[in-house]
Structures are given as structure tokens and as C-alpha cells.
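Take a look at these structures.
In the two complexes that follow, chain A is the common piece, with chain B as its partner first and chain C second.
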Partner chain A sequence: MTGSGADVDHSWPAVFERRLIGKRVPRVDGPAKLTGKAVYTQDVRLPRMAWGRLVPAPVAGGKVRVDLAPALAIEGVLGGIVLGETVRYLGQPVAALAAENSDLLEDGLAAVVVEVVEEGWALTREQSLAPDAPRVGRRGNRSGERTRGDGAAARRALAECAATIEGTWQMPIQHHLCLETHSAVVDYSGGESATVYLSTQGTYGSSFEAAEELGLKAAEVRLVCEHMGGGFGSKFDLGIEGLAACRLAKQLKRPVRVANSRRDEFLFAGNRSGSRQQIRLGANKGGHLRALVAEVERFGGIGRGSHPGLPYIYEVRESAVTSSSVHTSTDSSRAMRAPGHPQASFAMEGAVDLVAIELGLDPLLLRKRNLESEVYHRQLDRVAELIGWEQHAHRTSPASPAAGERSSGIGFAVSTWGGGGRPGARAEVRIERDGTVSVASASQDLGTGTRTHMAVVVAEALGLRVEDVSVHIGDSRLPRSVTSGGSVTSACLAPAVQDAASQARAEFLKHLGRVLDAPVGLLRLEDRRLLGPADWELPQLPAAGLDWGQACALLGSTGLSAQGEFQRELASSGVHGAQAARVEVDTGTGRVAIKEFACVQDCGLVLNRLAVESQIRGAIVQALSHGMLEERVVDGGLGLVLSADLMNYKAAVCAQVPEIHVELDQDQGRGVVGVGEPPVIPGVAAIANAIHNACGARLFETPFTPDRVLRALSAATGKDGGR
Partner chain B sequence: MAADELTPGISRRNFLKGAGGAAAVTGLANRAVEASEAGEASVASGADGPLRGTLEIVLRINGHERPVQVEPRTTLLRALRERLDPALTGTKEVCNGGSCGACTVLLDGEVACACSVLAIDARGREITTVEGLVEKGEGLSPVQAALLEHDGVMCGFCTPGFTISLGALLDARPDAPEAAITEALAGNLCRCGTQPAVLAAARELSSGGAKSDQGGGR
Partner chain C sequence: MRPFEMWEPSEVAQAVALLDSAHLAPGSRAPRLLAGGQDLLGELKDDLARPAALINLKGIAGLDEIEEVASGGQSPHALRIGSLVTLARIADNATLQERYPLLCAAAVSVGSPQIRSQATLGGNLCQRPRCIYYRNAAALCLKKGGRECFAEGGVNRHNAILGGGPSWIVHPSDLAPALVALDASVELTSPTGTRELSLADFFTLPADGDVLRENRLGPQEMITSLTLPAGGGMTGAMTEKATGGRSGDVRQVYMKFRERESFDFALVSVSMRVRVVDDRIRAARLVLGGVAPIPWRCLGAERLLADKPLEPQSFAAAAQVALAAAEPLEQNAYKVPLATTLIMRAGAALTAETR
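Then we have the complex of A and B:
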């Protein structure tokens, strides 16, 4: 039996009718993850599986000749491939090797000889822009240069401003730091079909790439991603790991696993591009932003890098912005959670704050004057309340603590994002005669809770408990779904699931009405029961109804299935958010402690409040880690990345994580939006503004390490002529 | 404690590079020979190079004696994840350098990074992995249940390590204060940002900790 359902009502249940949607539901795959039973790509074990890894180039630019023979001479080293001769960036994979096990693989990797003819490279901006610099970008070392706005008009407007500020904001490259490194297991021993296990954000799409690489028909390649250990934008496609695993499997005619080492991840698994933003911003006496003149540089290695443009979010009457990519001999940036946005936010929110201080205005007030949307106004007021802004002593000018004193400060920043759904995702809901219920789609759960909200939607529609619904995802043979990028997964998939579940419910009731000789319109599914009207005697339906199992037993032997697809009216797009940070600066040591964060985030229809709150808190943890700790450090002289391990690339741990107050700002009547990206945007800026508010030190460069804080403090003290 | 100091005079780092000094090779050879007395070994030792070959040892994991073929250099992490058959893959490899806590296991009740312990050095010790936390009883341990309820699990790759670290702390100090909690979890990295929820779970479990409204719960 298959649902047809053109006339089925698939709208979201009214707010008061929701038993599960929008409530706090523990994630359905939590127990598997907590007990070690969840199988990630790196946990896949197959008979005769070979262990492979890529070989990173030891040089940032030049020609290489790879000699695998010494490695292949080692007993237990099974095979290898050479990937190319021209090296364009430090650590570019030049070969891959496979062995019987990981210990022998390391012997093999150590024995590979890479002969290098070094050619020019540039690891830093200064090296790249030097007059005699070697060419490291395909279209020159500076590319994609463009100007928006009228420079002369913007400069004229700036000259007329009551207050102008200027500064150069800089951010180094940040890494995704997925805990599960990029990895693939290709189960192919020759023949016509293959199964590929991939740690991916695109289960469905990657299957086609794998088929192409293996030279097999798309229908004969199954891609599996049951669980994955983080992506954050770096795992959209098959990747060089998947490609190498495919080629090695073809060569060896046995299953091959290729997983990056942690060092590999720091060298060639992508990153969030760095940035340098030179800004002059001016406002009139009332704090209305009137002029912006800016120059933006993106540092995406050999790639373009990301930046959404200036002015960012705030409205400025006249602006002229030049932007370009400055290339270095490092791996290309990839999408990373709101690509380019935290960078733009750091500079813009900092500049806005400086204007407020220059004018002696409350930064909250100045923000509201330059943000049109009422949503921002109410959100800013609410985060101010949550963080205690009204009780704060220094609202219109920074505190000036005595040397060595600890001082508390508060800073603000806002965010926006599109998100929303689009056609492409499908889902199937099945009800079996034995009472089992399942929902399936070729999506993936990045840790965002996709599995759980699928179960929630189906259980809500069928009057079941969340645990009554089994969820099948992470398999390209299931109904197609979208790649998880741009915060679209929930908004694409949940409407398709709701559509399928609504059709399954309608079809089920129609069938039961027929079998029980009852009017369909009077039957309902509630509390795991099929119920008729309370005061009606139906010949075949007892007053207490039928329990779920009894009702399902009335289905035919093949049960019931319904296919659903994306429904535009069940999704919305566009969200706003506001955040506030409270910090304590130790002016003696330059150490900054993040004491508290508050976030008010609008996110459309909430499917699982617990997961949404976790995702927002998680974004804030990532942002504070970005602002306080993270930096790719290169040695331009020696041609090395110095931060290619977790001892030298720090990320936040529990001790650095403060209380984070999260409030969801819901507009009734909206559909699902998705909230992965927006809450990661404003955190760094909010911290920088809070540090300035605490002690007058403006941090123009991340991470906000004690040495930078002390330098900024002494600059501030110098300017003020001592305090 | 650095991995290099596990046994005086023996450097794991040098050993794994196959460039160990004579003292290191001799020390390891002794342990390999000692290991071979208990089981099958085919380890070729020489004074001028690293040891090669495998030996069968028996590890006591989650209360079961498990035979496993390893090389003298094989880490406990790789023995668990890669050499055991069937493998125990709940313990994760993230940095392979003792910096992230994802491979945290219990050795005789004490937390250890399985990537920084040689398998042959884990002989005779009680090894507990995340899979072992539920084996005795059915269902989730209190730590696991609290992490689930507070949503201290997102992608889940760090979760086994956090579960072991937090469980060990609360076993030793059921009333662990906030400072002890953050110290015990200081070596566990999470990228999704479950830290607020993990802390909320820890505070709830620890009678000495402050209650918090964070990280959900109902």
C-alpha cells in the first residue's frame, strides 16, 4: 500500500496540540554514542581491509618525485599511488600508501622517498605581496579584486562625520578540527558494485563521486555514513581521502581504509580563511552611521577565502569597499560554519563599538539606531537584560582600572542568516503489520540531532512515542536528501518527513476505516491507540479503541508506506540573533576570563528544543575558542606550519566555558529554518567589545592572548596619557 | 605525565620512530621476551634496530580475558580498535598524541590515554573501556544517563572519553566540586561544544557541585 496523498493536510500541528515538537527530547542515537556502539566511518572493520593514508608534501612549492619502492619493499606494505608532481601548497598530498595494519603503514610512510625540487612559495601575507614574490595564486598573488561603492563620495561623507574611527582588524586561519578526521573505507574488491563508507556531510551526493572514481554505475555504489564525527563545512564531498581509498581499492582488489592523521588535518583538510580588514567608519552626532571606507583581504591559501562584504548587517549611508584574495602556499580554505561571517562581524562590530565610545553613546543604543529590524531591537534589549547591562557601571565609556586590577566588561554583537529549505529532500515513512514504524532518508546527522527530529515529527503525527519510531539515515540508497551546508538540513528534511508522516497517517486511517467499517473522519491516533469518537459505538471498534499493535495487525502483509517531499510552506528562512559577553580582564597578566554569555536567537519552528539549545551553546563555545585560542601559526622563513598538532593548536575545554544563557525568540507561525550557522557569528566580536569595555584595550587581532591584551592596554594607557 | 616517562629509560616516541637508542631497545626487548613467556611470540630483537614481529598477549578488558596479536610497539589504543577481533571501537583515536582525551580508558581504575600506553604494558592490568560501563548491568550508567538527559552528546566522537573521565572522577570523589570537575575534564576536547551540557550533567551528579539550569534537562 502506498500513500498518494495529494489532498492530505500536512501542515504542522497547532502549537497547543504539539506533544513532542518543540519539547526537550533526548537524542535517539545518544545511547549508542554513549556506550561506544555507534559505528563511525573510522570504526568500520572489514575482512582483509587494508590501512591507508596520504603522504603530505614536505615543501610548500615545487616539483616532487615520489619513490614508493622503499616502502613497498617492506613486508606488509601492500600498495601505493602517486598523486602528482607539482606542489602548490605545504602538505599537499602527493601519494597514498596502504598496508596490512596501521603500524606497518607507519613504517611504509616513513620509507617513502619524496625528492623535492623546491620552487618559490609564500606562507605569509608579507611574503606573498613582496615585490619579488613568486607567483603562488593561479591568477596572481592578489586576485578577485573589486570595489563596491563610490570611493570619492564615501571619503567626502567621512570628512563630514562628527566622529570617525579607524582600525585594522586581523584574524588568522582557523581549523575545523573535526574530531573524526576525514576518512573513507571503500569496500571494493573488483566486480560491478561497491560500498563506500565516508565521514561526510553529503551522503547522497558523494555516492555519485565515488561511482565515478571507481568507474562503476551510480546505481551500483552505495554510500554509508551511519554516524560522523563533525564536519563544520569541511566534509561536503568525496575528498582526496575518498579518492585515494577508491584508487587503492581498485589497485589492491580489497577493501581499503584511508583516514587522515591529525597532522594531515592541519595541513590539507581545509580551514576558515583568515582576514585583514582596514576600516574607516564615521557617524553623525546622533550616532547614525554615515560613511565607511574599507579594504578587505581574504587569506584562503591557494583558495579564495570567504567574506560576506562590508558594511556587515549595520546600515551605512555611503560606503566604498575594496576586497581581494591574497594567496599563500597553504591549503585552500573550505566552507566553515558561516563562512566569512565571524570575520566580518569581528571588524564591523568592533568599528561600531569604537564609534559609540568616540561619541560617548551607549553601544546598545548606537546599534539600535543603525539596525532597522525591530527583531534586533527586542533581542538586544533582552540580551542586555540577561547579561545585566543596566546594572553595569561603564556603559558609555570603558572602565579605566588601576594597573594590576581585575575589571569586568560587557560587549554586544548581532547575527543574521538565511537558512531555510529548498526542494530536493525526500523521506519515506513505513508502518508494518507488526507495529513497527520507521522513517528513512539519505540524510546524515552531523551531531545536530537530525535523527531525533525525524523521529519526533513522525511520532507526533502518528500519536506515538519518540522511541516507537526507528530512523534510517546515512545510506545513499534511501530516498534522496540534501548535503548539510548553509544550515539547510532541518528546513529541507523536516518538511519532507512531515509530508510523509501526514500521508502515512491519512492512509492508515483510511484503511482502518474501511476494515472497521468506521467513518474515517472520526478516527484518530492518540497515545499509541486508535480511537473512535468517545460517545459512539462502532461495531468493530471497542470504546477504549485499539492499541497500536492491534491496529497495525489490520494492515496487509506488506504494511504501508508513504513518500514525502519538501513542502515550501513548512519551512521559512531568515533569522536574527543577538549575543552579549561578560568578561573579566586581569590587567596585571593580560588574562581574559569569559564569565558569561547570553544569546537570544530566533530560529523559526523549533523541532527539538534540547538540540537547538545545544547547537547554539556549541556555536558560542566554538566562537569563544576561536576568539581566545585558535590560530594557525606558520614560520615563513623555514616554510613550516608550527601549529599542526593539538599541543600547539589550542581549543576550548570545559574550564574555559562559562554560563551560557540561551533564549529562543520564536515568531509564531513560522516554519523550520535551521540554526547551525548564525550563533557562531557574533561571539568573537562580543568578547572583543567586552574586553574594551572592561579596560579600554581594543583588540584588533585574534586570538586574544595575554600578550596582545597587555600590548593593547599599554597602547590605550599611552593614548590617554596614563591613568 | 609524559608518555616518555612511562618506564624509566624508555622513550615511546623514539621507539615508534624506529630510532631508539640501545637502552630503549634492550628495555623493550626484555619486556617482549617477558611477554613471550606467557604467550606466543615471534619478535626479532637486535641491538641495532627496532623490534619487529608480533606476539600474542592476553589483555583483561571489561572483565574478559582477550587474546590479541600485537607488535611490541603497538599502542593499547590500536590493540583495542584494530587488533582485537571483534574490535572495540568505542574508544576513539583523535590526536594519537595524548592531547585530546578521546581515547581515555581506565587502567586499574585510573584514567589513561590509550594512545600513550603500549599494549604490552597493559598486560595484567584491568582495562575498562566505554563498552565496559554497561556490561555489568543493563542500561546506561548514571553518568551516561545524565549526559543523555542534558544533551552532552552531539557528534559523539568525544563522548566515550568524557564518559570515562567523568565516571572516574565521580567514583573517586562523588561530591567533586566545580574546580575538580573542570580539572578532571581539562584533557577532554569537544568540538561541537557539549561542554556546557557536560558540566551541567557533572554538577547534577556531584552532590557537592552547584546546580545549574544549563544544558537542558526537564
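Then we have the complex of A and C:
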């Protein structure tokens, strides 16, 4: 029996009818993850599996000669491939090696000889823009230069402003820091078919790349990603790790695992691009932004980097913004949770704050004057309430604590994102005669709770409990789904699941109506039972109805299955968010303690409130880690990345996580919108603004480490109380 | 990690005998002592240390005790802490908490619970530097036998402001400055016997000794124990926290400041101890961590504090003296105001303590 139902009503249940959708549902795979039963790509062990790794170039640019022979001479080192001998960035994989086990692999890697034949690099902006710099970008060391707006008009407008501010905001490169490093296990021993285990954000899409690399038909390559330990935008495709595993498997005719070391992750697994944003911003007396002149540089290594453009979310009457990529000899930036947005937010929200301070205006008020959407206004008012802005002593000018004092400050910032669904996702719901219910799609769970919301939607539609529904994802042989990028997974997948579940319900009721000789319209699924009308009894149906098992036993021998696909009206697009941070600055030590965060975020229809709140909390922690600690450190002279380990690349720990208030600003009429990315955007800016509010020191550069805070403090006091 | 042999002595004498490189094939790298392994294993994995063998000390009985030792009829007695005592035990030990809270505070500030349950006292004192260049196997710096200290003109936010040159590392140990402030002595054992050094004399500046090393351990020597003097060591017969009477009460405090509130090394730490009689400081110890290649004892500041009233101005003056000789590099001048603040806060904490 197969659902067809073009006429089936697949709309979301009305708010008052929702038992599970929008409630707080603990994730269904939580226990498996906690107990170690969940199998990640790196946990996969296969008979005869060889252990492989990539060999990073020891030089930041030039030519190398790779000699694998000394490694291959070691007994137990099984094979290797040379990937290329022209090096464009430090750590570029130049070879891959495979061995019987991880120890022999280490021995082999140590024995590979990578001789530097020619060298030349530019690791820093200054090196890259020096007149005699080697060419590190394909189209020059500065590329993609363009100007939006009329420079002369913007400068004229600036000259007429009642208040103008200027500053240069800088952010170093941030890493994705996936807990599970990039990894692939290719189960191929020659022949016509293969199974590829990949830590990926695109289970379905990556299977085609793997097939191509293996020279097999797409239908013969199964890609599996049951659980994955974080991607944040860095795991969209097969990747160099998957490519190497495929080639080594072909060479060795045995399964091969290639997993990056933590150091590899810091060298060639992508990053969030750095930025340098020079801004002059002006406003009239009333605080309306009138002129912006800005120059934006993106530092995406050999890649382009990301930046959404200025004035970002704000309305400025006249603006002229020049932007370009400045290339360095480091790995290419990749998408990372709201690519470019935290960078733009840091600079623009900082500039807006400076204008407010210059005019002696409440920064909340100034923001509202320059944000058109009413949604921002109500969200800003609400975060202000949550963080205690009305009770705060320093609303129109920063506090000026005495030397050595601790002082509290509050800062704000807003965000925007799309996150809508699009066609491409499919799902199948099956009901078996023994009462088993399952839902399947070739999606993946990035740690965001995909399995759980799929179960919630199906359980809601069939009157079941969440735990009654088995969820199958992470397998390219299941109904196809989309790659998780742009916060689209839920908005693409949940409508397809709802469609399939609605059809399954309709089909189920239709069938049982036939069997029980009851009009379909009178049957309901509720509380794990099939029920008739409340006020009279149907001849074939007991008064208490049938329990789920009894009802399913009446299905035919093949059970029931229904396919669903993306339904545009079940998803929406576009979100707003506002955040506020409360910090305490210790002017004696430069310590910034994050005391409290508040976030009000709209995200359309909420599938699982707990998951959404957790995702927002996680984003805020990632943002504060970005703002307070994270920084790729290079030595341009030596040509080295110095922060390629977790000791020198610091990320936030539990001790730094403050109280976080999360409120979902719901608009009842909307469909599902993704919320993975937007809440990571405003955090850094809100912290910088809070620091300024606390002590009068403006931090123009992340991370806000004690040395930078002390320097900014002495600049602030040195300038006679100026900013 | 490169292959190595693992040797398992059951006595100290065996262990130090094994340190003799004659046991190895010619050209092999010298063996290394393995205690908790919290630093050494990292060095092996990062290819910074390539010993041909590890001498595992954990099979040796008697090195993991905390015991009172008679010291000339005084009461309470001095305390001896074996070099294999873990930091977790130091942090939790009731006697230490009662008499040397400064040391317990330093111990509990190290790393994470997992690290503290493995890391040992001896290992903590013998840690290698955490300089960002030293820890990078590709940077052949002065500390690794190269010709240049890259930190001097490079990335040096975390490097030394005192006692630097030709290498600008800071000593990473949190316990060392605390123990120096407690006038601890260290017992070193070699095949020819044992010797005892004041812990302050155990550490060496790069300009004074071998730039590849941070202490005076001989090639066949190991730390077997630390001793904390009964009388506190600060001139005359003084008892730790004893009477509060005319002989004075001894107050001590440890403060550690790091970039990340946990699981991080000190940017600056302050170990301070004073003997107070009638609201006047009679003797003082002030040792800074995170600022110099050794635990940095501020002798001038200690002299200045002696016989000063127990009040903020005294500590402000002491801080100024303590940091007068600071020679910051390009990126680490912030350590001067940071250390100043911490010294003053440490003083304030001692002043606030009521007996």
C-alpha cells in the first residue's frame, strides 16, 4: 500500500492541537551519544581496514618534491599517493599515506620526505600587500575589488553630519573546531560497489562525488553518515580526506580510513575568514544615520573570504563601500556558521554604538531609529528588559570607573538570516503490521536534533509518542535530502516529513475505515489509539477504540508507506534576532567576565523548543569564544601557523559560559525556518559594546584578551575620557 | 610518536642508574624520567622530545607520601612531600590546607581535574616551557638548540618581562612560585647520593646556565622530595598560623591570572606570604609566576615590605619595586600593570584576613 494523496491535507496542526510540536523534547539519540553507542565516522572499524592520513606541506608556498619511498620501505606501510608538488598555502596536503595500523602510519608519516625546492609566501596582510610580495592569489594578492555607492556623495554627506565617528575593526581567522575532525572511511576492495562513511553535511550529495572518485556508478556507492561531530560549514563535500581515502582504497583494494589530526584541522580544514573594516559613519542630531564610507578587506587565505557588505542591517542614506579579498598563503576560508555576518556585525554594530555615544543617545534608541522592521524594535525592547537595561546606570554614556575598579556594562546587537526551505528533500513514513513506525530520509544530523524533530512530526500526525517512531537518516540510499548549509535542514526536511506523515495518516485511516466499515471522517488517531466519534459508537469499533497495535494488525501484509516531499507552504524564510550582553570589566587586570546574555530570536514554527533553545545557547557560546579567545596566530617571517593546537588556539570552556536567557519570538502564522546560523552573529558585537559601556574603552580587534583590554583602557583614559 | 623503550625500575637507585646514557646504543637520545607524563607525553606526541627510553617512576614505592619530619624539636614538624604525589592530593590534603593553603591553591589551579589526578609534584616543577615557538616542532628556536629566540622579536604576548634573554620563556609551573614563597627545599638524588637545595636555587635563568635547561638537575639526578620548613623559614622562630600572638601570624595567598578562567597557564601569578605582628609586616615573601624564566622572587619588594604597616600603600610600593626592572617585549607590556594589580590585590586579601 502506498500513499498517493494529492488531496491530503498536510498543513501543520493548529497551535492548540499540538501535543509535541513546539514542546521541549529531549533528543532521541541523546542516550546513544552519551553512552558511546552512536557510531561516528571515526568509530568505523572494518576488517582489513588500512589507516591513512594526509601529509601537509611544511612550507607556506613554493615547490616541493615528495618522496614516499622511505615510508613505503617500512613494513606495514601499505601505499601512498602524491597529490601535488606545487604548494599554495602552509599545510596544503601534498600526499597521503596508508598503513596497517595507526602506529605504523605515524612511522610512515615521519619517514615521508618532503623536500622544499622553491619557497615564497605571504602569511600576513602586510606581507601580501608589500610591493615585492610573491603572488599568492590566483588573480593577484588583492582580488574582487569593487565599490558600491557613490564615494563623493557619501563623503559630502559625511561632512554635513552632526556626529561622525571612525575606526578600523579587525578580526583574525577563526577555526570551525569540529569535535570530530574531517574523516572518511571508504569500504572498497575493488569490484562494482562501495560504501563510503563520511563525516559530512551532505550525505546525499557527497555520494556522487565519491562515485566519481572511485569510478563507479552513482547507484553503486552508498554513503553513510549516521552521526557526525560538527561541521559548521566545513564539511559540505567529499573533501580532500574523502578523495584521498577513495584513491588509497582503489590503490590498495582494501578499506581505507583517512582522518585528520587536530593539527591538520588547523592547517587545511577551512576557517572563517578574517577581516579588516575601516569605517567612517555619520548621523544627524536626531541619530539618523546619514553617511557611511567604508573599506572592507576579507582574509580568506587563498580563498575569497565572506562578508555580507556594509552597512549590514542598518539603513544609511548615503553609503560608499569598497571591498576586496587580500590573499595570504593559508588554506581557503570555507563557509562557517553565518559566513561573514559576525564580522560585519562586529564592525557595524560597533560603529553604530560609537555614534550613539558621540550623540549622548541611548544606543537602543539609536538602533531603533535606523532599523525599519518593527520586529527588531520589539525584540530589542524585550532583550533590554531581560538584561535589565532600564535599571542600568549608564545608558547614554559609558561608565568611567577609577583605575583598578570593576565595572559592569551592557551592549546590544541584532542579526538577520534567511534559513528558508527549498525543494529537494524527501521523506518516507512506514507503518508495519506489528505497529512499528519509521521515518527515513537521506539527511544528516549535524548535532542539531534532526532525528528528534522528524520523530516529533510523525508522532504528532499519528497520535503516537516520540519514542514510538524509529528514525533512519544518514544513508544516501534513503529518500534524498538536501545538504545542510544556510540553516535550511529543518525548513527543507520537516515539510517533507509532515507531507509523508499526513499521507500515511490519511492512508491508514482510509484503510481502517474500509476494514471497520466506518466513514473515514469519523476516525481519529489519538493517544496511541484509533478512536471513533466521541458521542456515538461505531458498530465495528469498540467504545474504547483499538490500541495502536490492534489497529496496525488490520493492515495488509505489506504494511503502509507514504512518500512526502518539500511543501513550500509549510516553510518560511527570513528571521530577525536581537541580543544583549552584560559584562564586567576588571580595569586592573583587563579581564572581561561575561555575566549574562539575552537573546530574542524569531524562527517561525518551532518544532522542538528544547533543540532551538539549545542551538541558540550553543551559538552564543561559540560567539563569545570567538570574541574572547579565538585567534589564528602566524609568524610571517618563519612561515608558520603557531596556533595549530588546542593549547595555543584557545576556545571557551564551561567556566566562561554565563547565564543565557533565550526567548523565541513566535509569529503564529509562519512555517518552519532554520535557526542554526543567525544566533551566532550578534554576540561578538554585543560584547564589544558592553565593554565600552562598562569602561569607556573600545575594542576594535578580537579576541578581547586582557592585553588588548588594558591597551584600550589606557588609550581611553589617555584621550581625556574620549572614546 | 616515535618508538621508545619503557624501563620499570622499582627503586630510586635503579632509576637514576638507568639515566646513564651508557645503557643505550650509541647515538640514541638520552632517556627521560616518566612520572605523571602530563607534559612529557605531549612533548613526545609533538615530536619535541625523542628519548630512546622512558624510565617509569610509578613503580617505585615511597615517593608518593606526605609526611611530617622532625626538625629540631619544633612543633609542628616540617613536611616532606614525595615527588610522585599528585597535584590532586596536594590540593586535597588536610594538613597542607591547614598550614600551606598557598600551595593547595596553586595546585588546584593547574589544568583540569583529569590532569591534576595524573600530574605529579616533581613533574610540575620540571615542566618544559610553554612558549608558542618552543612548542612548535617546526621552529628551531634557541630552546631547541637553534640560534635564535623567535619570541624576542616575534609573537611574545605570553613571554617574559623579567629575567629574560637570551631566551624569553616563562616558567610554566604554578607550584614552583608557591613553593619558593614557602621557602621549600628540594631533595635531589643521583647515583652518588642525595643533596638538598633551596628550591629558589634549583631554577636557572637562561643567561646563567645552560639555555636548553630550566634547572640544576644533573644528568643522572632526579627530584625525590620537597620539604616545607616547619617555622616558615621567614627569619627566626616563626610558626605557621600558630598563635596570632607576639611571634606573629603568618598569612599567605596565591593568585593566578590567566586568559581563560580554567585549563590555562598563568599570565601572571602571585604567591605572597607575610608575618604580621601588631598590624605591621615583619617578614615577607613575594614570588611571581608567569613573568620570568624562573619563579621570580622579588627580593627588593620583600625587603621593602618588612617593617611596613599592613595597608594598601605598602603593597603598592612593593609592586612598584617588584616591577621596576621589567623589560617588556613588544606585546607583553600589559603584564606590568597586570602584575601590579595582582600584587596589590594579594596584599589587600592578606590585610582583610582577620585572626
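One rule holds in what follows: the second predicted complex is superposed on the first by the 720 of 723 C-alpha atoms of A that agree within 3 Å, B and C clash if a C-alpha of one lies under 4 Å from a C-alpha of the other, contacts with A are read in each partner's own complex, and residues count from 1 in each chain.
We take it that a contact is a pair of C-beta atoms (placed from the backbone, for glycine too) under 8 Å apart; a residue touches a chain by one contact, two chains touch by 3 or more.
What you see is a predicted model; the values in this text were computed from it and never measured.
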Across chain A, the partner (chain B or chain C) reaching more residues is B
Could you look at A:Gly404 and tell me whether it touches chain B, chain C, both or neither (first, second, both, neither)?
second
Considering only touches as defined above, state whether A:Glu106 meets chain B (first), chain C (second), both or neither.
both
Quick one: is A:Val653 in contact with chain B, with chain C, with both, or with neither? Answer first, second, both or neither.
both
In the overlaid three-chain picture, which partner chain does A:Leu640 touch, first (chain B) or second (chain C), both, or neither?
second
I'd like to know which partner A:Phe208 touches here: chain B for first, chain C for second, both or neither.
neither
Quick check on the output: what are the common chain A residues between the chain B footprint and the chain C footprint?
106-107, 110, 645, 647, 652-655
Footprint of chain A on chain C - complex, ascending:
1-3, 46-47, 130, 132-133, 135-136, 138-139, 150, 154-155, 157, 257, 259-264, 267, 331-332, 334, 337-338, 341-342, 344-345
Can you tell me which positions in chain A touch chain B when the two form their complex?
24, 26-27, 29-31, 33-40, 42-43, 45, 51, 101-103, 106-107, 110, 176-181, 227-230, 232, 261-262, 446-449, 609-611, 613-615, 617-622, 645-647, 651-655, 657, 659-660
Using the touch definition from the top, list the residues of chain A that touch chain C in their complex.
58, 106-107, 110, 404, 588-591, 629, 633, 635, 637-638, 640, 642-645, 647-648, 650, 652-656, 705-707, 710-711
Any idea which chain B residues touch chain A in the complex?
16-18, 71, 73-74, 78, 81-83, 86-97, 99-100, 102, 129-131, 133-134, 140, 144, 147-149, 151, 153-160, 163, 181-183, 185-199, 212, 214-218
